[in-house]
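This is the structure I want to talk about, given as structure tokens.
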Amino acid sequence: MKQNTGKRCPSRPAILFLLAALILASCAPKAAEPTPQPSGAAAPAGDVYAGLNLIVPNKYDPPIDMTSVTTVNATVKFLNGDDIHNNIWTRTYRDVLGINLKYQWVVDGSMYEQKLGLSVNSGEIPDMFVVGPSQLLAYQEAGLLADLTSIYAAEASKNTRFILDQDPVALKSATINGKLWGIPLTDGSVTSASVLWVRQDWLDKLNIPAPKTMADVLEISRRFTEDDPDGNGVDDTIGLAATKGIWGAIAGLQGFFNGYHAYPGIWFDQGGKLVYGSVQPEMRSALLALQDMYAKGQLDREFGVKDINQVTETIAKGKCGMEFGVWWNPYHPLNLSQQNDPEAYWAAYPIPSIDDTPARSQYSSAIGSFLVVRAGYEHPEALIRMVNFWTDNIVLTQDDNIRRIFLGDINAPDVVLYKYTPVVLWAPNGTIETGRKVREALAKHDPSGLDLDAQWRYRIIQAYFEQGVKEAWVEVATNGPNGSVPILEGVLGDRGMFNRFYGTPTPAMAAKMPTLETMEAEMITKVIMGEPIEKFDQFVEEWYRLGGTEIVDEVNLWYSKNK
Amino acid sequence: MLQRKKFSNEIPLYLMLAPAVVLVLIYSYAPMVGLVMGFQRVLPGKGIFGSPWVGLENFKFVFEMPTIFQVVWNTIRIAGLKAIAGVAVPVTVALMLNNVTSHAFKRTVQTVIYLPHFLSWIIMAGILLDILSPSEGIVNRALGLLGIRPIFFLGDDRIFPWTMVVTEVWKSFGFGTIVYLAALTDIDPTLYEAAVVDGASRWQQTRYITLPGISGTIIMLSTLSLGNILNAGFDQIFNLYSPLVYRTGDIIDTLVYRTGILNNQYGIATAVGLLKSVVSLLLIGIAYKLAAKWADYRIF
Amino acid sequence: MNPRIYKLPFFENLLNLTVLALLAALCLFPILHILALSFSSAAAAASGRVAVWPVEFTLQSYQFVLDNPAFGKSFIISLLRVLVGTPVNMILTILVAYPLSRPRDKFRARDFFAWFFIITVLFSGGLIPWYMVIRQTGLIDKFWALILPGAVPVFNVILLANSFRTIPKELEEAAAMDGAGHWTVLFKVLLPLSLPVLATVTLFVAVAHWNSWFDGLILMNSPDKYPLQSYLQTVVVNPDPRMLTERDLDLLKIISNRTTRAAQIFIAMIPILMVYPFLQRYFTSGIKLGSVKG
Amino acid sequence: MAKKSVQALMRPSHLPLILLGAAMTVYGLTMALVGSWFSNQAMRGLITAGAYRARMAAFDAAAGIVAGLLFCALFIWCAVSARGGVRVAFAIGAVASLAPVLSARAEELLFSRLGLPTMNAGSVLAGAVTTLLFALPMVILFILLASGPGIPAGCRWLSLLSIFIVLATAFFPIYVTVLAFLIKPGDPAVGRMIEVSSQVIKLRYILPGLSFLLLAGISARFARRGPAA
């Protein structure tokens, strides 16, 4: 008996184990395979809209025709069998709104303005299209655009007004001579404000306290340069990232200047008049500080020739531990530094100040383009109806089905459906609100009630804190508590400096500003690289002489009408 | 009668030209009507027939640009340096190659040096930014080994024009080399034999036989490049310059691009283009006269 | 063949060879760099660790490129463009070069036509009129828009015309005696004698077609009709950092991916690298014949 | 030869095994509690993510070394107290005590010292390696116990169960992370799995610890009754 059990027993658990292992092995890869679900969204139109409760007050019957033009970048992907001329958006406009939208041409985003210029100048004007501010002005002057004032008043839905009024300057920037000529494509303005990004792991390693003032920033820059924060024993790190463009969303120096209460490139109110930030005396001390940093090797010796991709490389290599940039920098390029060094963690700080007055982060209106209608098009109100469809049903929705069908399936993140239509108006405060919801859920430790997008952000942050997945830091550093998004709320409050000029460019501006901006970039680069600060005074003088005076007058004339 | 016969003899020639002439009339001459935009304030949608005339306003604007003369000088300087280097380097390399005994080696070198000619400046620019970087670039590392301090090839406005010249030569000297090599093969070998008999040294042979033998080609190619003196290489400079080097590196074409095309100021862009065309036409005319005189070269 | 009368002394020869080899290496470097990048991992490329040898070898970039239908489509359009455009260009080049190579007394309008063509190189009306004309002729968004507007390559015409003139008059005269007309002279006498220069011009024309990008970008109405270099241009452009918003993130990520960029650039170079060695042996004589008037 | 009598796991007493089980359980509990305490604070925004990182790293390193040394000593003690296959099993198990020590610096070791490519999921990779370092010896240990002929049947069944427990607690979180960050980012179903796996991960040491305690209990009961049989 005993012998028997002794012989039989050893094999039973072993066999069971083997069996289990086999089963595990056979189902593991299957489970890991992405399910072919996303293609479901491309299914024939018929029932796509079933049960969606779309708000469409009036449909064109019979359908009307509308020509347009649009952009498709090389990165845009389509669901099975769809293309830019036939996709969920063109089908929806046709089947739901009764608008047959036909694109006359489609071009890569980088060529849009050029192609539109060619097209319009050769007399080929689409019924509805997107323009930039200077084109809005030029085309309006040339009488090519339809006046939308009364149509907007009559047709715009409550939600459309809500979105467009959320940004106080949105409609104003599309208004010329008291009339509305286009529907501004809204987005978050405050999201273009800079925050200070610092390698927190380096701060901890070198035992440096968090930056509270610009003096701290300078000290961090010095220590990051001199104290070998990456610990490789080679003097190969720099304090602060900068690019040849000087300004920008990634490694832009405007945040640094803001710390000195200088606001390059924007217009702000000083005693009831608008002044241009780049020629104000506050620029001096910031320039001197940067000059000193450059002389001490804390800036990239070659920043004057490095474009954004090369600075990205410096950051990815872990050679740089501090930059001024916008809230989403962790998604790119800071994530690359963590990919090369799993320990890397960048933390966001509000722009510190050089003195007791809190620094204000500068930002400009996000409105860079407008939907316009050709003068003489029979159905100008069709544009407003398309906008209404977007604002009533899509952008504010909490319905995940609607998001999946019209914006993109979360399971197929590379297929971004809204890129197929030019009518895309984001809620100006969307980023901030999503962030706030995520943080509230985190505090309660309860993600229920969040929409899928916010819920996913919640999960990622959870994975960081509860599973130690360090790649998840990008979400922690942005939407997490103490991330960059909460800082933006402050910027929206009293820690921001809004560019008060948001109109279409004035004539002198259109003609002279490019030269002046070139001069400015040249001056700043050279002063930082060691030329005497008098160069700045010279620049100010020249700036006024070569058209600046004229521009200031025109801008203030505009300001007096648009206060 | 003779005239008639002569003409009928020429009919096939006209037939041959016909398709090309039609295409050129349509696609090159018809658009030239657009040159009138140089004298208009171009309004969108109005085109060249509806825009108002402004006389020489656009030209006035161009000459009032604060940097215009500096830019013209930069253009001439860079193009001139390129023309000189574009002769000297290929001639030298051709002479060196001519001394190589191994056929395989010669062939390989010839093939390889011609290759960069086929790469676009967009690709070349990416590579140059890499290898010319003061701290990490291979070039400056090599200089460092020789004890030379890093040189800021693309960011120092005293060096930038030279960098442009050298990189242009890098990209195109293979082409020139092949031309001169061809000219070298034309030299009558008996000349050398005679020289050897006379006891001429190698340098004397080079000085008195080789160089005169290819001088026609040299003069011809250099005078031809005179016509290109206002083309300093848009693709190259546009991809490599930065505000740091505008003082010496900004050329006519880049200026036009920035102030004209980027801001949709078609009138001004046309005005600058027209000025450039006229000056180029003059220069080319002179160049061909010179070429005809010195090298007995005529394009037609 | 070569006027190589003397031999260099050993040391000088060695120096000579070394310098030449270095020059060759200098010219080969960019291609090797691109090749190495395309086989390296994205992280290695982003941190600048790649020179001429792949770091963290991977075929991922190629897989990405080959999985991308747009790339393949553009590649085919470019091939087609070369296959159709080169013959069109060559036929017109030959047909124009022949009359222009006739002596002035045989073709009295020669100088007029010569300047007729040269003027087009110097003057252009600019983008808008050019675009309008192409639109008026109904070519916008058509494949032929890539072929017809540039169908007469003037520089190549000059090259070929000059080469025709180097051919001994006696041959033509002999043919003319036998009653041969212009067409016969051109096709039976001149062309067979001009093979090297034809090969050279063919390569120039083909490469020009393969490398041009701007016309595709402007004249085609949708990206799926772009030739390869136009497509590449949209992939390799650098975005304006001042205009970047969070909506451009996906674009930014792709653009910063140097390895896939390198892979696409390299694949785009392959046809040239393949054709070049075969035509290369004609260059020496081809270029010489075209450029020097005998 | 084939005839081998069944014996208790250890002699003279099961104290080392009880201590090992207790130590593992306590370590697991402490890690889970301190971890959730810190993460809770961080998620509420009471401490910054930076502070969270610093504290977690410090705690990980300190607790890891203490636990590692303790585990190692206890494993060896167990091995000494046992014999035959059981001794081999615990000797192999001792390797697992490296895991707590290494978990704090796996990334540094893997990527800076060994120079592995990080790809884009360095910490997931590092997590997988340390997990493997713990799970592999433990699995072998339990397999040996489960298939050992001279071991009480109850212990063997429990060991069999433990194999799955170890595998599941070790690899489920990794599986979920890979799914969430590499394969199906954004999938709500995966999102819910994160919730589960962040609980499971806390059981990584607790459950094997409890297993050891149970094993000791069963074996001790067997030892008390054993000689009679």
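First chain written, first letter: the chains are A, B, C and D, and each begins at residue 1.
The definition used in the following text is that a contact is a pair of C-beta atoms (placed from the backbone, for glycine too) under 8 Å apart; a residue touches a chain by one contact, two chains touch by 3 or more.
All figures in this text were calculated on a predicted structure; none of them were measured in a lab.
*Asks:* Identify the chains adjacent to both subunit A and subunit B in the sense defined at the top.
*Replies:* Both subunit A and subunit B are touched by C, going by the contact rule given at the top.
*Asks:* For the pairs B-C and A-C, output the one whose chains share more C-beta pairs in contact.
*Replies:* Pair with the higher count of C-beta contacts: B-C.
*Asks:* Distance-wise, how many Å sit between the C-alpha centres of subunit B and subunit C, to the nearest whole number?
*Replies:* Each chain's C-alpha centroid was found; their separation is 16 Å.
*Asks:* What's the distance between the Cα centroids of subunit A and subunit C, rounded to whole Å?
*Replies:* About 39 Å separates the centre of subunit A from that of subunit C.
*Asks:* Which whole number of Å gives the spacing of the CA centres of subunit C and subunit D?
*Replies:* Inter-chain centre distance comes to 65 Å.
*Asks:* For subunit A and subunit D, what's the span in angstrom between their mean Cα positions?
*Replies:* One centre to the other, that is 44 Å.
*Asks:* Multi-chain contacts in subunit C: which residues touch at least two other chains?
*Replies:* 43, 48, 127-128, 132, 233
*Asks:* Would you pick out the residues of subunit B that each touch at least 2 other chains?
*Replies:* 42, 47, 261, 266 - these are the residues of subunit B that touch more than one other chain.
*Asks:* Could you list which residues of subunit D touch at least two other chains?
*Replies:* In subunit D, the residues touching two or more other chains are 118-120.
*Asks:* Can you name the residues of subunit C that touch subunit A in the complex?
*Replies:* Residue positions touching the partner: 43, 46-48, 70, 127-128, 131-132, 135, 141, 217-218, 221-224, 231, 233-235, 237-239, 241-247, 249-256, 258.
*Asks:* Mind pulling up the subunit B residues that touch subunit C in the complex?
*Replies:* 6, 9-10, 12-14, 16-17, 19-21, 23-24, 26-35, 37, 42, 47-48, 93, 96-101, 105, 108-116, 118-120, 122-124, 127, 130-131, 136, 138, 170, 174-175, 178-179, 181-189, 191-193, 195-196, 202, 205, 210, 216-217, 220-221, 261, 266, 269-270, 273-274, 277, 280-281, 284, 296-300
*Asks:* Show me the residue ranges of subunit C that touch subunit B in the complex, using the header's touch definition.
*Replies:* Its residues touching subunit B are 1-8, 13, 16-17, 19-21, 23-24, 26-31, 33-34, 48, 51, 92, 95-96, 98-100, 102, 106-111, 113-114, 116-118, 120, 122-130, 132-134, 137, 148-152, 158, 161-162, 181-183, 186, 207, 211, 229, 233, 236, 265, 269, 272, 276-277, 280, 283-285, 287-288, 291-293.
*Asks:* Enumerate the contact residues on subunit A facing subunit D in the complex.
*Replies:* Going by the criterion above, the answer is residues 2-3, 5-7, 9-10, 13-14, 16-17, 20, 24, 28, 32, 34, 200-201, 203-204, 210, 338-343, 345, 347, 410-411, 413, 439, 442-443, 445, 447, 452, 455-456, 459-473, 476-477, 480-483.
*Asks:* Residue numbers of subunit A touching subunit C in their complex, please.
*Replies:* 72-75, 83-84, 103-111, 114-115, 117-118, 121-124, 187-188, 191-192, 243, 245, 247-250, 252, 307-309, 312-313, 316-318, 326-328, 331-333, 336, 339-340, 366, 368, 414, 416, 431
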